[in-house]
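Paired with subunit B in one complex and with subunit C in the other, subunit A is shared by the two complexes that follow.
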Partner chain A sequence: MKAPGFDRMTPRARLLATLILTLAVVALRGLPAQGAALAGAFALALISGQALRPLLHRLAHVEGFMVLLLVMLPFSVPGTPLVTLGPLVLSAEGLARAIGIALKTNAAILIVFALLGTVEPLRLGHAARGLGAPVRLVQLFLFTTRYVELFRDEIRRRREAMRARAFARRTSLHTFRAYGNLAGMVLVRALEKAARVEEAMRCRAFDGRLPAIGIEEGERGILAGPGLALVVGAALIALDRLP
Partner chain B sequence: MTPLFTVEGLVVSRGGHRVLDGASLTLRPGERLAVVGPNGAGKTTLLRSLIGLEKAEHGTITAFGSLRRTEKEFRPVRARAGYLFQDADDQLFCPTVIDDVAFGPLNLGLAPREAAERALAVLERLHLGHLSARITHRLSGGEKRLVALAGVLAMEPEALLLDEPTNALDDVHYRRLLDILSGLPMAMIVVSHDRPFLHRLSTRVLALRQGRLLPAAFHSHPHTHDHLHIHVEGDHAHRH
Partner chain C sequence: MAHIPDGVLSLPVGVAGWAGAAALTGFALRSLKEEAIPGTAILAAVFFTVSLVAVPVGPSSVHLLLSGLMGLMIGPLTAPAVLVGLVLQALLFGFGGVTSLGVNLVNIALPGILAGLVLAGPVARATPGRAGVIAGIGAGLCVAATGGGVALALALSSSDFVPSARIMLVTYLPLMAAEALITGFSVGFLKRVKPEALAGARP
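Then we have the complex of A and B:
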């Protein structure tokens, strides 16, 4: 299933809408509005027509980053004690804060996945540039997306070479040293590769700017998408702040 | 004699395309088998399959007397069949030459000192002893290839799988590689486009066509052609 609504919008419109919605979401303070935001974000992800399984898989990665924070927060924020475990006190305020952060981050990430998940990195980079993002940041983003695959490949080849010489993972100094060497060599090669790529780019008259050739996006949806996002964002904040 | 490798009806796909489609071969001790075929014919895939880096869809691989299917079953194969990668840069990953050559022996369970001794002995045997303390990624292309080979030989394999070993070698390193390989007793499978090299080295040829291995033979016929080489000014001149 192809995303009917979003793919008709230009990347710039989608980026702007994403920005508005995520900013509205992070500004929310109460659980009802945060819950509504997550439900809405999930609906948005469903409408986007992307396969659900990889989406949830990516979301799980984000959860992995946050798990420590979410576990620590209820115990570290002072307030009305709910449970006391020896010296540890679980506070109601801390719990609410942790749940709020979990709801908001997941909502924000789902919005990004839903609206930007199917935009090609190159077009996204140019859209960001069009919205006034710094050139260097955009270039960094574009190079990163270009080379992530390359380095994944590099690491895969090297691990195969290690296996071909009967390397097996163990809890041993030899294993740690081998992985250390692997990481070091990938970095060295990355640096060399970067230098070679830069030389090759300079040979083709690269002057620090990436020209945007063949990307004529036009202005389709530049009003409708962000406009709708503005209305939804305002409604969420109103739900949150109005008595 | 029991064959080292017996492959029957091997089918391997890459990117939805059957690269190997019923390939069969037998490698017996002492044999030096050449495998030829155009780019993309599946030569590298064949070598990778033999040590379990590619997964077979159909067919069987018997190595050193046992059927091999799982990663676990292939692990001991990699200790006994040394694989020389097409790009030596993929193979060398330790900071120094001696570390890299000792990596295999360490994986085989040798103590660090024994491993270092064995590594040094192999380097000496290949006349590479002077490189032992050098940084691997600063070696020349030819040195890298020979050091990578030393890393494989240090594991004392019973068979060698060589993927385009002469690629991009200069004359000096080319001849040294040929001398080293010709002097080795173990069985080999050599994948290459380099016909003269294969002719000098191999005892039997297989050609990879449409995913299958067909018996082939060298055939030479007289040619009249120019002999192109480069003389450096001041070097002794010679006649043709």
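Then we have the complex of A and C:
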């Protein structure tokens, strides 16, 4: 069932390709190239062989301020009027601007989903290290991913306990106080845990270096993937800028 | 709502954001001792998970930034903690952006770090109730500064964004109120239960 997709490429190559492609997409100015970028990004998502339902779900969710931006642009950019609604003038230039931003934003989301969607955080951390990210930052990232699940679980249990005591969330001082105490209590537990972990790490002579955690990442695709990304990115920009 | 996606900001603004983010994070990491990495990661994980909780505000709900609380508890390490949070946000839920990551980091982390520098001392010395009030006001101002940062990044990217950026600032008011109150109550709680948690930023 699971298509090989990009799994044969190393995470480092995929990370590098993602950076190149998103940068190229962001630089596009005209609608034809932006549309081509979105089509290409969608093709990438299909090739990656992942389930598309969560992706479509994600694309359907647009953040509030993006809605504001996209709705206001056609009316606030001066230009050739298309529709006039009383004092509001919808301009062709503004509409093109809004459509262009929506195309680029969705293309970038698709690229990240296609190339990095199946990379586990652990391998992504090592990939970032391979691309020159500071070792302490990577350590911090790896440890954090390990603890996020733990605390999501703890917060879920505490909220269940609150509900069992007939807590109902609404916009009230009581709710804010309850959430403040919840955050405080989880932080207290976290600080105690941090102290224990720190002692345990000392006992194991942890000195902050990144031990090889059993991942042999070859150099497979380290040139092919990013190389292809460079070619595609350059082609898009050429399509955009050349008359 | 402080996460600007790819494709909105202009390239120079995105690049400047990355430079600022690298400087902030690099500076903070220099003071991060090896043995403090797991402890800092545990706190970063808590801040990230608490920010996932939807807080009801009227008919809608908001997600906390917690930058003010981070600044008080981990000081400059807020920068790498926010960076890790933003990357996880993108990986787990597909939110945020690659080219806009630097701008998002600076917008969220810088106010928190500054609030920590200014307020950590007064909060450490105050009584629990008063510390909660100070921290709450600080956290509210952090959200306002983040909103200002988002608006500034948009305005610098294109003058076309200026009208929307102005209106957008208003949408930060509910988050400001929720953040101020919840941070205030949290800090009051911590001062009573574990005052050493707020005894200035961790070394």
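Going forward, the second predicted complex is superposed on the first by the 194 of 243 C-alpha atoms of A that agree within 3 Å, B and C clash if a C-alpha of one lies under 4 Å from a C-alpha of the other, contacts with A are read in each partner's own complex, and residues count from 1 in each chain.
In this text, contacts are C-beta pairs under 8 Å (C-beta built on N, C-alpha and C of every residue); 3 or more make two chains touch, one makes a residue touch a chain.
Just so it is clear, the model here is predicted, and its values are computed rather than measured.
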{"item": "Dominant contact partner of subunit A by residue count, subunit C or subunit B", "value": "C"}
{"item": "Subunit B versus subunit C as contact partner of A:R58, first or second or both or neither", "value": "second"}
{"item": "Which of subunit B and subunit C A:A166 touches, first, second, both or neither", "value": "first"}
{"item": "First, second, both or neither for A:R158, with subunit B first and subunit C second", "value": "first"}
{"item": "Which of subunit B and subunit C A:L23 touches, first, second, both or neither", "value": "second"}
{"item": "First, second, both or neither for A:I237, with subunit B first and subunit C second", "value": "neither"}
{"item": "Partner chain in contact with A:H174 - subunit B first, subunit C second, else both or neither", "value": "first"}
{"item": "Subunit B versus subunit C as contact partner of A:Q139, first or second or both or neither", "value": "second"}
{"item": "Which of subunit B and subunit C A:V188 touches, first, second, both or neither", "value": "both"}
{"item": "Contact residues of subunit A, present in both the subunit B and the subunit C interface", "value": "181-182, 184-185, 188"}
{"item": "Of all residues in subunit A, those that touch subunit C in their complex", "value": "18-19, 22-23, 25-27, 55, 58, 63-66, 68-69, 72-73, 76-77, 94, 97, 101, 103-105, 107-109, 112-113, 116, 119, 121, 124, 134, 136-137, 139-148, 150-152, 155, 159, 169-171, 173, 175-177, 179-188, 190-191, 193-195, 197-198, 201-202, 206-208"}
{"item": "In the complex with subunit A, residue positions of subunit C that touch it", "value": "1, 3, 5-9, 11, 14, 25-26, 29, 32-46, 48-50, 52-53, 55-58, 66, 69, 73, 80-81, 83-85, 87-88, 90-91, 93-95, 97-99, 150, 154, 160-161, 163-164, 167-168, 171, 178, 181-190, 193-194, 197"}
{"item": "Subunit A-touching residues of subunit B, taken from the complex the two chains share", "value": "48, 51, 53, 75-76, 78-79, 82-83, 85, 89-95, 99, 103-104, 106-108, 137, 151-152, 155"}
{"item": "Residue numbers on subunit A that touch subunit B, as the complex places them", "value": "157-158, 160-168, 174, 178, 181-182, 184-185, 188-189, 192"}
